[in-house]
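Down below are the structures I want you to see.
Look at the two complexes coming up: subunit A is in both, with subunit B in one and subunit C in the other.
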Partner chain A sequence: MSRLSRIIAVATLAAACAALCSAQDLRAPQSAIAGEETAISTTGSGKATFYLVGPGVSRKNDATLGEDVHLAAQDIRTAGYYVAILCSDTCHSAGFYVNAAKPTSLTFLVHPSRVPVAQSDAVSGVAFAFDQFHNLVLAPVNVNFQLTAKDKDKDKDKASPLFSRSVRTQNGVAWFRTPSGKSAGPLQVTAALDDVTARRAVQQVASEPCNLRITGQRTKTGILVQTEPVHDCAGNVLSDGTIVTFTATGPQGKDTVDAPIKQGVARAQMDSSGPAVISAASGVVMGNEIHVEAQR
Partner chain B sequence: MKYAVPIILVAVTAAVMVLGLFVTGQAGVTLGITKGSALHTAKASTPDQAMTNLLVDVQRRNWDRAFANVSTSSGVTEQAFIQDWIGSNGSLRSFSSLEGFDPRPLHATNDEAQMRVRLHFSTPVGPLEDVRDFHLIREGDVWKTVWPKLQMPSVPAEVIPVTYLRWDLVTATADGEWGSGNVDAPHVRIISMNAVDSAEGAVVMGEVTNEDTVPAFVTVNATLVDAAGNPIDDESSFDKIAHVLLPKQVTPYRIDFPNLNLKNVKNVRMDVKATLVPASADPVVGVMNQEIDTDTQGKSVLHGELLNQSGQTVNIPHVIASFYDNNGKVVWVSDGYVDRALLPQSSQPFAVEIPKNIAATVHSFHVVVNQFSIGKS
Partner chain C sequence: MMPPAPIRRTALLILLIGFFLFASTLNSLAADPSVQVQLDVKKAAPRAVETLTERGILRDYRFAWTSMAQALEFNTFDPLEGPFSGQARQFLRQTVTSQQQSGLRRRYADQSHHVEAVFYAPEGDVIELHDTAQYHLQILDGDKTIHEENAVAHYVILMTPGADRWTIRQLQAVPQF
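Presenting the complex of A and B:
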């Protein structure tokens, strides 16, 4: 009885060894680069069917066991996880990652498109590095951010840098946040990665009015009231079209006129003939008050 | 006896038919009249009948007959009379029709009378009410209305240089790089908010300002939330706001929640939306001689005059006023349309009502003028 069982065990082992020696197998590359050819090695002998399934491809073709299966550049243009399957008597599979190629473009978003001057953390930008096949490059790379504004006191074409920083990408993204500058005007924001550059523009505009002051004089038809040139606290002239509300209060009631700033000054005609107290406001900022005597 | 009942019935029917013929010969048809004792009588032997005759004919746009009820001593032409009713220059009155009227005698003698009429107009912006006093005189045995002369603004011919500012929008072309062509929405902010109960329901109101340097089209929405955090109702400011706000301009807003009260409201969720729009800083409309007063009906009103300081006609002026208490808190927002066009360099009166319970607490107010001009967005 013990002899019979020994014979069966040896026969089973021999059969298993024979099966193993003739079985196919495949070995995927450790890592592959998007858009670069690579190969998957196989073992065994005979014919087999090869399948490749990935984010941008689904392919089937015949393969010869023991030879490499070549993956063309266009098969692995999309970065991500791929599965290679080799089927003969049985099927075997192996997975591998295709990484993005080297960065060739930057997608650069800057917010906001308009910003009042001298605001803390007002300008932000985020850059995404992509390879030539539009795969997000997850490998860390350095992106250089630079903000330049035209200096109003200097040569018109000269731009002075307000901010410059090199930021390493994390998971393919680099970003910055910075205060806005002191002068109204265009602000150029640049993101650079090696020889790849993306440019955006942010319009810096005057902030809230500062020291809103008005003067008034009596005319034949009433009172002509106007502001002194309206500036923000950094000395920038407020944008034309900004509304200044003039209010005249007197015995005849109250007069109000919403007048837009033109060339830095807002003007209004109030048709009050009696004595009046005139004040001005722009948004939530109040100006001074003036007293105008009654018409004689 | 057998035929007595049918004979009586036929006789009564015939009598009623004959009577009906005579009665309709004297009284007009009153179709489409919703208010007022609108029976047109051939001859106005009382001031009330004269007033009613005139207004019924105005309702039917039977101008010749309506003008026949106007006293010749008025000194107005039929054309001026018609224009008074149908408006001109694309004003709100041009798009309105007299829906009804409530005449009330104020004073009467043998030869003259004074009547106050509440006129109800239907307009594209909702029902409008106008209260007018009319003077009537007796001419022979007929009463006629003395029609007040419509004071048309007299503006000298002049050239007004147009130096106003205008913002146009250029849309980015489709092939632009992603992220390169963005223009942010204007930055607007709610600077005050107050929720109160009124006779008609809950009201949420306040003021919103455009903090940006570009014009904004603004809408304010409010959601009433109960204690469990569930929304009860949501409404928008609709026309109780100046939608187009120029840079640094402030507008009141009012959101009505009819038939709701704040008893069950735990929270009010505000949402202000702003989009970039093309706009113009012209025309500039001044609000002159603003004063809170009591009108002829005993109601508290804020009245004043709108003065068009530009060279452009404002077809439909719309006044929105916010009222503040001693602490500067917005306690009410009223609005009203002016049914006459605001011609260049001319003025038009306006009045907006203040609820009785609010009037006593009003310390100051702020008026903005919203404008609709034909051919302009």
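Presenting the complex of A and C:
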């Protein structure tokens, strides 16, 4: 009986040893960088099937236990969670994360594309840093935002900075908000990160008209009314196309006509033979009133 | 005047068929109710998330996960077309192509997502979400399960508004937030 027990014990030990000696396992890297090759180490002996499952990849190939499985740069281009699986008799797996590589591009959203001058918190920008494989870079980096505009009072070709700020990304994003400048014209907005720069342009336009004044004279066919050059309160000429509404009030009733500003001046011909009081308005701004005598 | 009985029966039949077709279309468009999503927008800044926007994001985020699970389980591209755009759609299409070639599939079951909005752009044109997701993941080679786990995963998501829905542009798993 004792002899039989010894035989069984030895056989069990031998089987366990054999199982342990050929047991396959795998070890994944602690973490990896997108687009940088790495390896999965395996233990055991014999043949197995290796699988790599992750974002953008689903690979299956033969592997030799005890040897490293090479992961090419293109296998791990997308940042995220990967599972390496090794199957022979049974399957074993190990998970690992691939992190974004260093930033090589900025996605830069700027609003609005057209803005009136001297408005508070009117211009905003949001920048996301991405690596060359379009993975969002979540490690904090500094993004330098700068707004420059040509100063109408100074050298025409020289741009003066309106705003400059370095913002550290948080959760992969950096942003700013700032008032618009004082002069109409293009506003250059840049976001820079090391040698990566993204540029956007915002058109600054005149704000509401300031001191809207009109003149009028009777002609053979009616009354010709026009504004003096229309400026905002900072002295910027209002953009072409801005509408000025002229209203003539006389004994025959009220007559209204809209006229767009062209090169700073809005003009309109009004059909009225009697005496009339003419006024003008643009947006929320009212102009002066003029009295025109009846046609003789 | 009432129409004759055979015409009434035909009309009733057409109505019934129409109803069933309509109901099945609605069902295919609806998000999988087994995907549980909770969205917290209290920390969203610098712009606050309005209630209707919150509902839209919740609906479209849930639908995106339902669609992704379908695409990766059955290796089809169609479910990815609506809810994903940009980089997210590209890598998911690559994943499906790669799975078709290798004969692998992934099955996401019992999904539960705790989503927090951490950034909402001043003009409302992009939102960043952090999702702590729990699901049962199965990886299959043909019909053989080669890996399964109850996973707790963290995702960073960028969503942008489209004409009628929010789409996922970036979906990136990270070790932690």
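Going forward, the second predicted complex is superposed on the first by the 269 of 296 C-alpha atoms of A that agree within 3 Å, B and C clash if a C-alpha of one lies under 4 Å from a C-alpha of the other, contacts with A are read in each partner's own complex, and residues count from 1 in each chain.
Definition applied: a residue touches a chain if its C-beta (ideal position, glycine included) is under 8 Å from a C-beta of that chain, and two chains touch if they have at least 3 such contacts.
What you are looking at is a predicted structure, and each value in this text was computed from that prediction instead of being measured.
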Just to be sure I read the superposition right, which of the two partners does A:Asp258 touch: subunit B = first, subunit C = second, or both, or neither?
first
Examine A:Phe108 and indicate which partner it touches, taking first as subunit B and second as subunit C; both and neither are also allowed.
first
Now for A:Val196: first (subunit B), second (subunit C), both, or neither, which partner does it touch?
neither
Figure out whether A:Ala39 sits in contact with subunit B (first) or subunit C (second), or with both, or with neither.
neither
In the overlaid three-chain picture, which partner chain does A:Val284 touch, first (subunit B) or second (subunit C), both, or neither?
first
Contact-wise, after the overlay, does A:Ala94 reach subunit B, subunit C, both or neither (first, second, both, neither)?
neither
Please indicate which partner A:Asp240 is in contact with in the superposed arrangement: first for subunit B, second for subunit C, both, or neither.
first
Touching A:Val57 in the superposition: subunit B (first), subunit C (second), both, neither?
second
Intersection of subunit A residues contacting subunit B with those contacting subunit C?
109, 111-112
Within their complex, subunit C touches subunit A through residues 46, 87, 90-91, 94-95, 98-99, 101-104, 106, 118-119, 121-123, 125-126, 128, 130, 139, 141, 146-147, 149, 153, 156, 158, 170, 172-175, 177
Give the list of subunit A residues in touch with subunit B in this complex.
107-114, 200, 205-206, 209, 239-245, 252-260, 262, 268-272, 282-284
Quick check on the complex: what are the subunit A residues that touch subunit C?
31, 51, 53, 55-60, 78-81, 83, 85, 87, 91, 93, 97, 100, 109, 111-112, 124, 126, 128, 134-136, 138, 170-173, 175, 177
Note which residues of subunit B are touching subunit A in the complex, please.
163-165, 167, 178-180, 182-184, 191, 209-215, 246-250, 281, 284-291, 304, 307, 309, 365-369
